[in-house]
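Multiple structures are listed underneath, in structure tokens.
Both complexes shown next keep chain A, but they swap its partner, so chain B is in the first and chain C is in the second.
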Partner chain A sequence: MVKKIIILVVLLVLAMMFWNMFSGIPVQNVLPEVSEYYAKNEPAEVGAANLVTAVVVTYRGLDTLGEVSILFLSAAIVGLLLGFQSKTEKRKLRKTSELLLTAAKILTPVIVMLGVYVFINGHLTPGGGFQGGAIIAAALVLALMADPLRKISHGFISFVESTSGFIFVFIGILEIFLAGGFLDNSILPLGEFGAILSAGAIPIIYSFIGLKVGAELSSIVSNMQEAQNITEYE
Partner chain B sequence: MLTLIFALVLSLIVIVLGIVAVQHPKVSVAIIAAGVVSLFASVMYLLLAAPDVAMTEAAIGSGLSTIIFFYVLNKIRRQDG
Partner chain C sequence: MNNIQLEWITMAAGIALVFIGLWGILTQKSILKIIVGFSLFDTGTHVILVSIGYIKNRTAPILDEAVDASQAASQVVDPVPQALVLTAIVIGLGITALMLSFALQLKKKNQSLEISNLKDLKW
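Up next is the complex of A and B:
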């Protein structure tokens, strides 16, 4: 009882603090200074039709590198911790239903294609590397649901992951020497605003981010799947 | 006006399912509830004109993390029993 009263009091104090913070924010009808700069100068400076992508890949490119590194670290830790598991315990599984098998056969390539579409068009339409990579990993989940015995090649995943990470950083460093700074996209011509080959190096960088994120999430999912120790069907 | 009503209904569902996710005695139901919270939250982001965030939330929040929770739940259960 005392515990619940203490929790209630803490919640009330927190609510008061948040209320004070939010009621102090004035209602604005104009963009803040930074957003206004991005909205005004982005078409001429970066040339990506999707403003979010321009901020994520160019203006705040270093943050994106940090996010991708965090994702890599968590995938590596999942692989490390699950590697300590004992492999003695075995498990049998019922056969997958025909419906799921057929649906997975048809849908998996389509979902992979959607993911690739999302990150190739990252500079034109909503979405980009992170979203496309997550969609590709979702396709892998569907394939593993249908066939739990399927072996995913860890060598291939880590090859894709490390190669695309290397190319991402390599392009970023190349841009220090050939363009305005780290991850400045004007290493390639900006092109026509809204065309698929526009916005300088953004489509290339975002495609490699997509492959990297897809490989990292896929490695988490396949490690989790292998930790279930499913060896055969009943 | 219609968008506002839709958003209010959505946020009500999100709050109710959030309470279900915390309080439900069966863990599998709680995981599903947390996944559905993410799904409705992604619709909410779409209403707030943030399609990029909505895609991330739908793919990672309600897709991958639900599956990973189920993998972990399965693993823990078999180690306990």
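Up next is the complex of A and C:
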């Protein structure tokens, strides 16, 4: 009983906090100062058609680096925790249906291609490295559902992950010396606004972020698959 | 119907998700359901953040044919909350995977996912 009252009080306090925000709608009618600066000067400074990408990769590039590190950390801890699983308990699975097998064979390469498309076009259309990486990991989930015995090479995943992470930071540091500062994208010519090879180093950086995120999420997925310890079909 | 506006619907949906999530975290007994609650809480905050950045009668912050680059500051919604949410979604995914692997370890150790059976840290 006391517990229920406490829960109710917590929810009510939260409701009061949210009510202030909710009654304050519309929150804003013009862009805040920072966003206005981004919207006005971004085409000349960064040259990416997608403002969100310009904020994520260039203006707040350091946050993105921290965020990729958090994702790496959580992937590493998942690998550590699931590595403790006892390997004595074995599981058997029913054989995968023909439908899923065939669909996975056709769809997996297409989904990987869509992921690559999404992160290569990250500076022009909605999308980018994080979304593209997640799509690539989704292709791996489909492949694993079709063939649960498939072995994923951890060496390859960690090679892709560490190489792309290294290149991301390396480009960032190179830009301290050759351009305006850490992760300033004007190391390469900005190019024609809206073209695929534009916005300086953004397509390169975002592609490597995409590979890194894809590799990290893939390592989470493959660790979870190995923790199941599926050895054979029934 | 003209009174119901997009920003109200999105923010109300986000707040509702936060409440469902928090209620689930506080009341549910199964760890898996608590993780679902965390996930809903997470999604709710994302929806609220995006709806804070929304400005009426404006379009997505992508400078293409629809938005003139010189007039962009008066035509697009706020890109900063969207950039924040973009990173928050991926972090949320990583944290959910982390919680699920903890739950798997607990299940292996205690043969149960009920929090009332977990008394290791109870004083």
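The rule we apply is simple: the second predicted complex is superposed on the first by the 226 of 234 C-alpha atoms of A that agree within 3 Å, B and C clash if a C-alpha of one lies under 4 Å from a C-alpha of the other, contacts with A are read in each partner's own complex, and residues count from 1 in each chain.
In the analysis below, a contact is a pair of C-beta atoms (placed from the backbone, for glycine too) under 8 Å apart; a residue touches a chain by one contact, two chains touch by 3 or more.
Everything numeric in this text was worked out from a predicted model, so none of it was measured.
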| item | value |
| --- | --- |
| Partner chain in contact with A:N121 - chain B first, chain C second, else both or neither | neither |
| Partner chain(s) touched by A:V52 [first = chain B, second = chain C, both, neither] | both |
| First, second, both or neither for A:F84, with chain B first and chain C second | second |
| Chain B versus chain C as contact partner of A:S164, first or second or both or neither | neither |
| First, second, both or neither for A:S74, with chain B first and chain C second | second |
| First (chain B), second (chain C), both or neither touched by A:P43 | second |
| Touched partner set for A:L217, first chain B, second chain C, both or neither | both |
| Contact breadth on chain A, by residue count: chain C or chain B | C |
| First (chain B), second (chain C), both or neither touched by A:Q225 | first |
| First, second, both or neither for A:F130, with chain B first and chain C second | both |
| On chain A, the residue positions that both chain B and chain C contact, one per complex | 50, 52, 126, 128, 130-131, 134, 217, 220, 224, 227 |
| Contacting residues of chain A [partner chain C, same complex] | 7, 10-11, 14-15, 18, 21-22, 25-32, 34-36, 38-40, 42-43, 49-52, 54-56, 60, 63-64, 67, 70-71, 74-75, 77-78, 81-82, 84-86, 124-126, 128, 130-131, 134, 193-194, 213, 216-217, 220, 223-224, 227 |
| Residues of chain C touching chain A in the complex | 5, 7-8, 11-12, 15, 18-19, 22-23, 26-27, 48, 52, 55-56, 60-64, 69, 72-74, 76, 78-80, 82-83, 86-87, 89-91, 93-95, 97-98, 100-102, 104-105, 108 |
| In the complex with chain A, residue positions of chain B that touch it | 51-52, 54-56, 59-60, 63-64, 67-68, 71-72, 74-75, 78 |
| Touching residues on chain A, where the partner in the complex is chain B | 50, 52, 89, 91, 118, 126-128, 130-131, 134-135, 137-138, 141, 217, 220-221, 224-225, 227-228 |
